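Should a chain be cited, it is by its letter among A, B and C, assigned in written order, with residues numbered from 1 in that chain.
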Amino acid sequence: MSVASEDKTTVARGAFGDVRRAASGDATESSARRLVPHTSILTARLLRRWGRDPATVLESLAMPVALLVTVNIVLGNGISQLTGHSALYGSVPLIAMVGAMSGSMVGGIGLMRERTDGLLSRLWVLPVHRASGLLSRLAADAVRIVGTTAVIMCAGLVLGFRFRQGILASVAWLFVPIAFGVAFTMAVVTLALYTANTIVVEASEIVWGVLMFFCTGFVPTHEYPRWLQPIVQHQPISYVVEAMRGLSLGGPVLAPVVAMLLWSAGIAAACAIPMAIGYRKASMRG
Amino acid sequence: MTDIAAVRPATSTVQQWWVLTVRVIKPTLRNGEFGTQVAAPIMFTVNFYLPLKQFMGAFTQGTSSYAQYLMPLIALVAISFAAISAALRSATDSVQGIDRRFKASPIAPLTPLAARMSASMYRCCIALVVSLACGYVIGFRFYGHVAHTVGFLLLVLLIGAVLALLGDLIGAANKNPEATTPLLLPPIFVLGLLSAGLEPVERFPSWIRGFVRNQPVSQYVYALRALAGDSTPAAGAVSWSVISPPLIWLTAGAVIVLPLHVLVSTRRR
Amino acid sequence: MPKRRMPNSDNAVVVDGVRKTFGSVVALADISFKVGRGEVLGLLGPNGAGKTTTVDILSTLTRPDRGHAEVAGHDVASDPAGVRRSIMLTGQQVAVDDMLTGRENLVMFGRLQGLKKSQARSRAKDLLDHFDLVDAADRSVGTYSGGMRRRIDIACGLVVRPEVVFLDEPTTGLDPRSRQSIWELVSDFKEAGIATLLTTQYLEEADALSDRIIVIDHGTIIAEGTADELKERTGATYCEIVPRDMKDLPAMAEALGSLLPEQNRAALTAGSDRIAMPAADGPNTLAEALYLLNAASIELVDIALRRPSLDDVFLALTSRENGDTSAMRVEPEESEGPSGRHRLERNGDTPVTRVEVGEPGDASGRHRLERNGDTSATRVEVGEPGDASGRHRLERTADTSATRSDAEVLP
């Protein structure tokens, strides 16, 4: 395993020491055993990197919170009169998803920058699992989404949002946005890997803007024009909102969760291969 | 050998202004920015009107339709969006150092600013036209005098001008184009949503009604509604009490921003 | 079963017939070379020559279209993972995470290569010491100066000992002090038995650091050898003497006597303003010339030994590759017959070369080119049969990397 015997040099200068790779019998980089440690190291790197930019962090949290407060002020009364419940049961999950989706763009642009800087190539040349780079981005995003959801939940609690379905449901509530949030990030990352122009990625803002306004968390379904109602009902964010409404206020949980998972799995499946190919292309050169 | 350093032609401020204006406008026609300029008002219309048409329709105090009620706000949001782009442009310029180059050339110090303002007004005009087209689609109409209609258009453009000036100043002072845009969008949305443009003041919680009623966006909206008119008397009559608040806000804005900006622009470091 | 490293060969890098095309552009057209263990190979070439593509292929960032390449015994196509375990790559851009601190970067690279956390930490400490980055260790790399960034970049590649190091233009844009420290590093590599492949545009860097140099242009190797060998090829040292008064030239020529060979004497024309003569003994020749001229009381403006620098080599080689047609002129010194001495003029100056025609009576065909008394076995193919005068195509086959220079054939 070690090739120390082949080297006849006696120099052990500080730069080189005698450190060899931690070799083991199964030394291939792409073994399953390596995937988790490599991915977790790279995920930690991304989280640390995002955390070092407090301005962006603040802005990515302040915007949704401000939006939540505003929407609640503008629509809160009207909706609670209509539905008999606080509008927050719809708007808090909705804004949590907005926070998740608007942050995906930042990750996408960061990826593009790392591609230009050559960092992706550098990481590719290291003996790490080939999938770890991409998985780390998704893992870091999942962590980000949970964090954003938690902050928005706190804002909601201040405004009067309450959990009514018990501890288990409340904890599950916190993690529901991950499913579709990561799927959305996959779509954004795939887009980022195939374009050189950041504007294209920024255009993803339009997507979540539309999803936000045409969602059952914004105004109840029957308020929308008849021809729009099916679309509003079946769009993925509405399912997320309804699942979370069920977990906090009460109501059906299984059906919306299943539908949401179908949406997420569909997007993930569609993006998986192009994303992997695109990441490889972005790391290699020809 | 030809004389490379030929006679220097006299500079014409008007020509310089035109060249610089075209410089800002031309790329937008190529790189898709024109597309966003057209798409933005459409997006605002669709996003605000369709979900809220029925919801708000009951509350809109006798206006002929929610479209008539909502239109001024759509125009304002579209104009603000156009004004933000102006800010981005000026920030990019200052970051790239081109304004420094301008300052060292025989260009009158205010010409680049004037050119950026012209380009911003071009953007605002596009935003206004597209907004009106969208409004027409959803049912908005001008019911008043020709004079009032012209007043409507002028007021919107004037608001755009002051906003563009403000945005340009922020961009020039801030020097970080990537950080500037996200900073400016949320206040616009918040002010726009917390105004009388979306729903009547009475629908708001009591503690915020004062703010909602008196903030400039609401004042603009009242004036624009009056100028646009309506088939019912709900929009209110065009009177000095309706028109003066927006004008006061605008004058105050201009009076503060314009000298500041001239200061920043003509400063030769 | 772990793959065997360095099976039979002693070579750290083996490139054999590699070809790479990007669309319609041929980046590499059939290159082959080797790098031995502990050797420093300099890859020299203008922009777009194919240097970076070569490094990309060897570091598994690109796949070759054809051919075979091995790094540390691992084939780049079939065992890229093995290659990645053995190398360190420093590209033209500094590629570390600029929002992490230097220390965090080092620890991360260490852990990614299999070190335990504590090991990675202590390696990081050692490297920070060695590269003099201790004060900046806990600042983010984005705040580092250019030289520091390059150092942390290289340090990150050394957390685990590589067997082959690829340095792609490592000192571009660095201040002289930083460049010096990189140079010292390369000699450290050498001492430690690590093979280095260095690409550079700085000729003095290739000269100073490399054991061997390969010159690449347009995707092919146009020259290979040590720096000295390459310089020899362009022409040996000669001594250039410039008198204060041009009219003194004949007197100078006489004063120099036997020091000045016949050809050079004959080469002096009315318009010459200096004497160029071979300096076989280098400085001694110069001293002698000076003595002789002093004795003759001839005033000089300049006397110097001129040796073609690697710059000249480079320019000469690459310009020829570009089809520079002002290559050679062969003038027969004896009017009858192609046999005998000819003066070989290159690019307008006279490096005093002799052409001995091997087959008399026929100007066409092979001729032996003798230069300054040594026979570097060069071939002159005369384009126009029957006339030895005029321009000829010179093909040099001093070694197997046949350099060609296409000369225009005058009617």
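Of note:
Keep this in mind: a residue touches a chain if its C-beta (ideal position, glycine included) is under 8 Å from a C-beta of that chain, and two chains touch if they have at least 3 such contacts.
Please read all numbers here as calculations on a predicted model, not as lab measurements.
Traced through touching neighbours, the fewest hops from subunit B to subunit C number 2. Closest to the protein's overall CA centre, chain by chain, comes A. Centre-to-centre spacing of subunit B and subunit C amounts to 62 Å, using the average Cα coordinate of each chain.
Our note on geometry: subunit A versus subunit C, Cα centroid distance of 51 Å, whole angstroms.
Mean C-alpha positions place subunit A and subunit B at a centre distance of 34 Å. Within the complex, the subunit A residues that touch subunit B are 55, 59, 62-63, 66-67, 70-71, 73-78, 82, 199, 206, 209-210, 213-214, 218-219, 223-225, 228. Across the complex, subunit C is touched by residues 1, 3, 6-9, 11, 13-23, 25, 27-30, 37-38, 41-42, 44-45, 48-49, 52-53, 117-119, 121-128, 283-286 of subunit A. Interface residues of subunit C facing subunit A in the complex, by the touch rule stated above, are 2, 5-6, 20, 22, 38, 53, 56, 59-63, 81, 84-85, 87, 89, 91-100, 104, 108-109, 111-116, 119, 123, 126-127, 129-131, 140, 158-161, 163, 185, 188, 191-194. The part of subunit B that touches subunit A in the complex is made up of residues 31-32, 39, 43, 46-48, 50-56, 59, 179, 182-183, 186, 189-190, 193-194, 198-199, 203-205, 208.
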